[in-house]
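Structure, as structure tokens:
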Amino acid sequence: MTRLTEAARGVYVIAVTPFEENGALDLESVDRMVDFYEAAGVDGLTVLGQLGEAPKLTAEESKLVVERVLRRLDGRLPVVVGVSAPGLAPMQELATAVMGEGAAGVMVAPPWTIKTDDQAYGFYQSVGEALGDTPFVLQDYPLTTNVTIVPKVIDRIIKDVPNCVMLKHEDWPGLAKITALRASSDKGETRRISILCGNGGLFLPEEMGRGADGAMTGFCYPEMMVGVVREHVAGNLERAAELFAAYLPLARYEQQQGIGLAARKYVLAKRGVIKSGALRKPRPALSALDIADVERLLSAQAKRLAEIGA
Amino acid sequence: MTRLTEAARGVYVIAVTPFEENGALDLESVDRMVDFYEAAGVDGLTVLGQLGEAPKLTAEESKLVVERVLRRLDGRLPVVVGVSAPGLAPMQELATAVMGEGAAGVMVAPPWTIKTDDQAYGFYQSVGEALGDTPFVLQDYPLTTNVTIVPKVIDRIIKDVPNCVMLKHEDWPGLAKITALRASSDKGETRRISILCGNGGLFLPEEMGRGADGAMTGFCYPEMMVGVVREHVAGNLERAAELFAAYLPLARYEQQQGIGLAARKYVLAKRGVIKSGALRKPRPALSALDIADVERLLSAQAKRLAEIGA
Amino acid sequence: MTRLTEAARGVYVIAVTPFEENGALDLESVDRMVDFYEAAGVDGLTVLGQLGEAPKLTAEESKLVVERVLRRLDGRLPVVVGVSAPGLAPMQELATAVMGEGAAGVMVAPPWTIKTDDQAYGFYQSVGEALGDTPFVLQDYPLTTNVTIVPKVIDRIIKDVPNCVMLKHEDWPGLAKITALRASSDKGETRRISILCGNGGLFLPEEMGRGADGAMTGFCYPEMMVGVVREHVAGNLERAAELFAAYLPLARYEQQQGIGLAARKYVLAKRGVIKSGALRKPRPALSALDIADVERLLSAQAKRLAEIGA
Amino acid sequence: MTRLTEAARGVYVIAVTPFEENGALDLESVDRMVDFYEAAGVDGLTVLGQLGEAPKLTAEESKLVVERVLRRLDGRLPVVVGVSAPGLAPMQELATAVMGEGAAGVMVAPPWTIKTDDQAYGFYQSVGEALGDTPFVLQDYPLTTNVTIVPKVIDRIIKDVPNCVMLKHEDWPGLAKITALRASSDKGETRRISILCGNGGLFLPEEMGRGADGAMTGFCYPEMMVGVVREHVAGNLERAAELFAAYLPLARYEQQQGIGLAARKYVLAKRGVIKSGALRKPRPALSALDIADVERLLSAQAKRLAEIGA
């Protein structure tokens, strides 16, 4: 079984969790979604993240989703599973379960109560210890976690917690953070871990320029992330920027807190990837005005993509 | 099976969760602890609360603790179980399980992300719906949840959510809140629900004066809460105040965030209630200086209790 | 003297405060900046806002900046002055001073300690009373103030506080908020106040579509806001969107917290508007990598603007 | 002119700001209050603190209060002035003014936006630089500032910022913090600065036991702080604890956020120290029930003080 390592690169798409209109899990759409992501050229999948509506699932449902994704992929791509929990014991329980089923690694966000550098460090040290030899992704997302982790604290974690192999980078702004982390590893002071970027891909070209290895985010056109990362790796910076700009108006709209996920699922449903764009309660639905906005953005995007031959 | 109702009164003690020094669950101490609380004259128990270190337990361990408490009590006292979870589905799952085993009701704190009156109302409306006919306690503890719920929002919840039967009141300061809620029910605008007060009992005499029905907190001398509530109900306000004052220096010390729970368990272990005062990781232990403080407070408290013949 | 009213429309640009490299106020650049904004076609200026580095100025310096702007404009455009202060008395003091010098109105953000609907309402009621007949702008910027004010609270303020004539809207996401506020006034339940949008203009086309009257923000190309608002008012939605998209990559970059203002001033200095892009301490400067990012974005923007003939 | 140094000891009382019922400054009461504090045996005064309602004063009023206090004291006791401001420039402006009039030092709290160790350090480094040779007190009050500063950050500040001469310690819980800071200076790693404790004196005996030099807080019976500190210094720990316990029920009541200051001023007015207990708007007044609580606490306190011969 492939395990996540510091060498991970490319696009790990944050998968949505498909529901029926009535809120029931829609496992058939899971298969179609997995196929869609794979066809789009992603390098891995991340399930049960915040935007996978993980906290709304029962333990049993979480298990079903992970199993379904793993079975469909059949080892062709690595799968990261979000296991953030209010305490170490339930986190460990979930991690053990999903690794046993074939996940490549897990992802852990800090609890909102962390307020100091030492608390952040201590938390991830405990996480590393609790997870044993399971590789994990440090999810750094201050906008929703309320926790700020400065580069030197991440460096301390990298040094002392060997199973921390990846940073899901979504501090905002965070370009200087990538630069600082890469400076540490370039000087040989720390391991060079994988850095994949979130924030809906809104800063992807600049993040690649600073030394990121790719994206871990769920924008409804994964072809954007795949394209930008490929062009960047190939050295075609102008093309990467042009491609990025074509998708940016919609990506920006999708990055709104709360309503953004509804927009993402609306587009995925429209694209035939999932059966319904419904979120499980409690969550806002798109209004008619929101839908009109999205449709307008889709039209303009299609036009612009045609112009640039993408 | 007794179910929690609006008529609940007296002291519902917040039970600690006993661990061995090595962090393993100590179920034998659970029995002794249950006996101790019952002998102290409490009217009910609350388990798996924040100060019961609930987030550190696996699902299996949570189940074991609840079962053990229920079996030992054998229906003699009602048991409330904390079921706060990151989402409605896992909360519902846990509530169904514990009610099936014989719990009297459950307790739910709001997620820290709530920022407006309508969000707080909406959250508890969803909780009430998800819990069906399970009676629940609204835990109002801004200092740790970061969520402020004003009296008129609580009144709206009381009106619209029939299975909300109790408020665990630990806003701080919160005397005016009790007064406002009682004014609403006295005028017949809302149901009169049970109000039991937390905050380590630090404002218990004044809270009783405002119309609270008792305490739901875990101070290591439950005889303080039991005594203050009884004297108050009997109209002996001066005696209630005198008794309260004798315990106040220690109660204040125990109310410190973080270190307070360690002090509570230290005293309970010293009193022979639980085998070890250990907290499960990650949590601070008492320093030698902290222990010296506690010992000094215990001596002064014993002296003062002797003086007042308590 | 023109006073700000509910009829205000168009673009009120958030002016930067120019400093010399050594941190001294640069009043000569103030003149040039005022001329630049006027030439760009803005409808008003807002000075001493958060992004005008107001908190870093002494009382004397604040007075100098306001006087200089007012003198240069000589009444040709209205000027709004930020007067947020830790208390009502100093706020009133500053408002009285600037209105005496010829400001059109003032702007007030809520203190971060506000946690409930009633506190937000009570704060603006006190502000309205303290300001007497001075018209004021309610600045609704949760990302930096930490205060969320829901539409029905804004409606209550509009009803009860007659000198609240404008909303600087920068909730995020906030499209539904504009829709809700316009629904209230369309139904005749509230006054229709002016709504100008912030957030660096990142949602300007959609905000205009929801009923906003324009923008109040400081993006370094005010011609973007002016153009988008004009095209929108003229009904040319596709042109508005195209223009907007051309500037979006840079606008997004400039919207980064902290570093964003440095990028804004860098571009304004490069464009010859202000002498130096320096911020007053304590503030980060742009790194060489940041500058390279900005330059790349400027090139791509120039190319795209040429393509669309703008 | 006496200047504040690391050798400061004893009780620096946080002075209230007296207002007339109509909200006007009551400067005559300032004189009486200064005399009262001096007669109670305090070692210094702190004015324009958070609980001195400083943010509600105009610049002119702040000046009047400071002048009046300084004139009345005529150099007999040192005066510390709160100069916290949204930016360095206005802070420097106020500090220069009050030092020129004869203040002994100033006090600075951190802005709520600080989130990391380095930001806290950087802020106080900038403060130290801006204040030049003015000695200052670092106010560490997480409950109201939302900023947590760990001991090692305070140690860095002590090392690098020579004019930081005192810590107003009101972290909660904070006993371990005092222990850590004293360990650093005992080992010779840092200067030994003065540590005076806040939090209404609620932990004063334990804080003295950890190496604090006294109290800086405003409890309406300054004789409590003076007595506890004296007995402690004299080695009479049991007497200190007994005295403390007699005042604790009231001190606890007064420590409630918001309503606590109203209780403090109510008692000071009742004791004839200030003419009115009124707070300036916007602030809650005591209800009849609150007043009844306070009166009950005063009676019990008088009885207990008589019993112990204090």
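Chains: A, B, C and D, in written order; residue numbering restarts at 1 for each.
The definition used in the following text is that a contact is a pair of C-beta atoms (placed from the backbone, for glycine too) under 8 Å apart; a residue touches a chain by one contact, two chains touch by 3 or more.
If you're wondering where the values come from, they're calculated on a predicted model, not measured in any experiment.
Rounded to a multiple of 5, the Cα-based rotation taking subunit A onto subunit D is 180 degrees. Farthest from subunit A in terms of Cα centroid separation is D.
The pair with more inter-chain C-beta contacts, choosing from B-C and A-B, is A-B. The mean-CA centres of subunit B and subunit C are about 48 angstrom from one another, to the nearest whole unit.
Chain geometry summary: the mean Cα position of subunit A and that of subunit C are 33 Å apart. One inter-chain figure worth recording: subunit A and subunit B are separated by 38 Å, centre to centre, where each centre is the mean of the chain's CA atoms. Multi-chain contact residues of subunit A (touching two or more other chains): none found.
On the side of subunit B, the complex with subunit C involves touching residues 115-118, 148, 150.
Note for the complex: subunit A touches subunit B at residues 54-61, 85-90, 92-93, 112, 122-123, 126, 146, 280-282. On the side of subunit C, the complex with subunit A involves touching residues 172-173, 175-176, 179, 202-203, 206, 209-210, 237-238, 241-242, 244-245, 248-249, 252-253, 256-260, 284, 287, 289-290, 293, 296, 300, 304.
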